[in-house]
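Take a look at the structures listed below.
The following pair of complexes shares a single chain, chain A, combined with chain B in the former and chain C in the latter.
This part shows the complex of A and B:
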């Protein structure tokens, strides 16, 4: 044990001797890890946000299609769906998008009748009358309002209306509520000039999750102009989109990784005359090949682990504290560019482990192999230097 | 005193079966008793360093035997040879072979790192040797900042830190002036008094003419040990 610690101590002091060279390697290594880890963290976090969103989403959303486009659905269709065996609740939902051209912000406006149980509040209450609204965090921050303040929205008739903020959303998933404004349903219909007897879509609850696909087919048969979308289908779409986007990013950054590997290989295989001489000295004064390899292992581990941890920390801060400023525009898509939202930290340890494996192990190998080649030769060459 | 090192029919050929093959040693018979000082004289390229390398377990002979305290070490696996180099030998090289970017103190500790000796014990040993060689006040200085004489003393300190039985010195005065050579001779005499066995390769008369110090004198020429003088 003492031997290992002694060699570790020497390895660390050895690294300090070549400060500039090792610092340069750590910087390049850290940036490579930080970039790739940022993509992984961001993708994983968005996927996890999507899962959170879908946890609160209905089992099936039924939309109506007219000429291949989303149209309002008759509320009477809800009754037909409700009569199908296996279906629980069917809720007509009224919602729409609102764009504030001054702030250049996209919102989702949703109508509610009672207090929705799947949307936890940070503070305050849901809108109790046509003069109140409940806001997501992103909107509150964009307008600088809080409970009790007033918010002006311009309706479909181009008239401004003042709403009193009655509550703010808590954010387990910021993606879910960040850009959401709740109004009373009647007020929302007036706001968007939506006709009575029609809804934006129908939210269907299914008792047995394994029946979701079958019921979706039955709904399609019963209502041919409808488009039933299952929860897993949405999740799959999110997954595909994020995987595709992160795939593109990772392909781009693969060149960075390859450049790093070339650097590491060059550094390792091009063991300098000085390093060869040092290995010779160590062997001559009683170090055996294993001791030299242990020394090189500690050196490689110290550099690669330091750089990997720094890279992972920088990526974590970049993604979860600074909103992934460098990558978010590519990975998130237009609808969530504004208002700003902070991602909920979600890390896939398996991905992190693979990244560690793909960077630390090759680096250590690149350090050890050439040292081994030198260390297995007789040390008497040092006597002749 | 018992014979500590004995070689028989020792041959060393470098780059064997290659165009630049070189016979460095031919049938060398060398011996030294415990506590003696032996000197290998001879011009450059005569095979002194090759013989020291083989005796010091840094290389393997092409043929012949090397008996160290009555054990044949010529065919031992590398890790045993490394152990012998660490536990039995202290080396003083012609070019000092110090790590220039390390401090004097860290250089001295190098042979002890791959041992089970604790950090505290290592440092106390190093402090003691530095005190004996009057280098205590400079221990944190980098080797590259030291004079030639000081570097020589650091090399000696490193050779002694593992408390070796045998000290091998290859042209130890090659880079020293007369005063520093005198200083080295004093140190070697002290080591002899302490019972160390010392083998010195040199062509410096200031060393090989030290009759009080030298017990055996060998002359090497073209890889042959031509003459043995027992003083």
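This part shows the complex of A and C:
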């Protein structure tokens, strides 16, 4: 053990003696790690954000399809679904998208009848009459309005309507309510010219999670023109999409990884005459090949761990403090979704393990042969030259 | 195919390990064909130097093989969410049957690789390195196994079809996997439990005897006890250990215990079992090598260490198993 520690000490001091060469490697190595780590961290955090958002989502959403496209569903269907055993509440939801040409952003407008309990309010109240609205934080910030102020929206007959802001949202995850505006349901129907007796979709509550698939089948059987979507399916889809996106990103960065490996190989092969003499002297005073290999192992490990930690820290700052400015547009991929949301840090050991394997293994692989070449140096020939 | 970062890391790492081993096997062939310990020619000197390269490469490659086993399990555990009806790694492995083969190859690789690395260490500590030929023949056999591992992994991951919502209809109706298969498996708990603890006791007794005496017979007995204990333990994990960990009389899954909900208790459990059995096998496997005087010295120097490691690991394993049986409120066998 003491022998190993001594060799480690020698490795560290020899790294410090050749600062410039090793610094160059560490900088490039750190950047490589930081890039790959950013992709991993961002995906993981978007994934857990999606899980958070969907925690409040209904167990099944039933939409109606007409000619293969999404259509309004008759509210009468809700009663039919409610009668199925195992179904809790069935809520017809009325909502739609609203494009604001001034700010060039999309909002979600949703109608409420009474206070929804699954959306915690920051302050104020839910809209009590047709003249009031409740806003998400993002919208309030975009327009610079707060409770008591007015907001102008243009309805589908192109006439402007003034709403008084009666409340602002707070939610565990900003993504959930950031772009949401709540109106009274009757007002929303007038706003979008939606016919009475029809809803955008039905939110179905299922008591036993294991029955979701069976109930979805039953709904499909009873209402052949409907499309039931389970909560877990949305999660699967998010998972798959984020996996796929980050996989594609990582594949693209593979070229960067290869370039880094070539650099590492080059640096490791091109050892200076000084370094050669040092190994020669070490061997002459009694170090054997194994000790030199161990020395090289410690050197490689010290460089790898330094770069790994620095890279992971940079990626952490980049993703969670600076909103992943360099990557978010590619990975997020929602339309002009404006929220300036701060991602909730979600990193587990698995991510770090994967990151280590993706970066340290290639580095080690391309330094083995050069390290061995150094280690088998003949002391006699080196010192004579 | 799922482009999960974990899958990419596994495939990348396995490819690198395989390429490195191919290179090492090429060197190994050269060494095998021209090795002559009596000679002091320049070529022999060169070959002796190359053995260092080969052993370094193989040490790294096998280090990765062990890590990739853990990563494989964790990744399979992680992607189970993509399959409808899959509750844990079992579901993800059922989604493409090759997954079970990958797992099997990885277990075999773990033992083979650990054995190679240990023998190589022994050999390199002696003056005359008597194990060069058997070692390199072993390497030539192991390399295709790592290749097979890579190939199987690739066909497993590329054959996976995650279920996603398509634009025309929900994907709900492709419920294909029978996750029940894992639920009904398992031997009756009471007799398995008796066999498990008897076998564990046997293992520890032969181990203590081996520690106390130098007789070969105890080492061979320990070898057989390790093999027996390994398989009985795997069966017991499915039969009753899992039941106690989950505190549920119907839940037999050997992978759920690797999840966060159970405090990742599966990792120390499996690592202790695999490590303990490996170090239990080692003295018996090395016994025939004692005919060589220089190896005998090295083996006897390390044997005690191996036996103590095996003892410690198996005691940890038994403690993890016995803890919920003794102290949890869950009662499986009563009256």
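The rule we apply is simple: the second predicted complex is superposed on the first by the 304 of 385 C-alpha atoms of A that agree within 3 Å, B and C clash if a C-alpha of one lies under 4 Å from a C-alpha of the other, contacts with A are read in each partner's own complex, and residues count from 1 in each chain.
Operating definition for what follows: a residue touches a chain if its C-beta (ideal position, glycine included) is under 8 Å from a C-beta of that chain, and two chains touch if they have at least 3 such contacts.
The structure displayed is predicted, hence computed values, not measured ones.
Student: Where does A:150 make contact in the superposed view: on chain B (first), on chain C (second), on both, or on neither?
Tutor: In the superposed model, A:150 contacts neither chain B nor chain C.
Student: Would you mind checking which one, chain B or chain C, touches more residues on chain A?
Tutor: Counting contacted residues of chain A, the larger count belongs to C.
Student: Looking at A:208 after the superposition, I want to know if it touches chain B, chain C, both of them or none. Which is it: first, second, both, neither?
Tutor: neither
Student: Tell me which partner A:123 touches in the superposition: chain B (first), chain C (second), both or neither.
Tutor: After superposition on chain A, A:123 lies in contact with neither partner.
Student: Where does A:278 make contact in the superposed view: on chain B (first), on chain C (second), on both, or on neither?
Tutor: So A:278 only meets chain B here.
Student: Answer with first, second, both or neither: which of chain B and chain C does A:353 touch in the superposed model?
Tutor: It touches chain C, and chain B stays clear.
Student: According to the stated criteria, A:290 is in contact with first (chain B), second (chain C), both, or neither; which is it?
Tutor: After superposing on A, A:290 lies in contact with both chain B and chain C.
Student: Between chain B and chain C, which residues of chain A are contacted by each of them?
Tutor: On chain A, the overlap between the chain B and chain C contacts is residues 289-290, 376.
Student: Spell out the part of chain C that touches chain A in their complex, as residue ranges.
Tutor: Counting only chain C, the residues touching chain A are 2-10, 12-13, 16, 19-20, 49, 52-53, 56-57, 60, 64, 67-68, 70-71, 74, 78-79, 81-84, 124, 162-165, 168-173, 175.
Student: What part of chain A is in contact with chain C in the complex they form?
Tutor: Per the touch definition, chain A meets chain C at residues 39-40, 43, 68, 213, 216-217, 220, 227-230, 232-237, 239-241, 243-244, 246-248, 250-251, 289-290, 293, 350-351, 353-354, 357-358, 361-362, 364-365, 368-369, 371-372, 375-376.
Student: Sort out for me which residues of chain A touch chain B in the complex.
Tutor: 1-3, 5-7, 9-10, 13, 17-18, 277-278, 280-291, 376, 378-380, 382-385
Student: Applying the document's contact rule, which stretches of chain B touch chain A when the two form their complex?
Tutor: 49-50, 52-53, 56, 58-60, 78-79, 82-83, 85-87, 89, 91, 93-95, 97-99, 101-102, 106, 109-119, 122, 158, 162, 170
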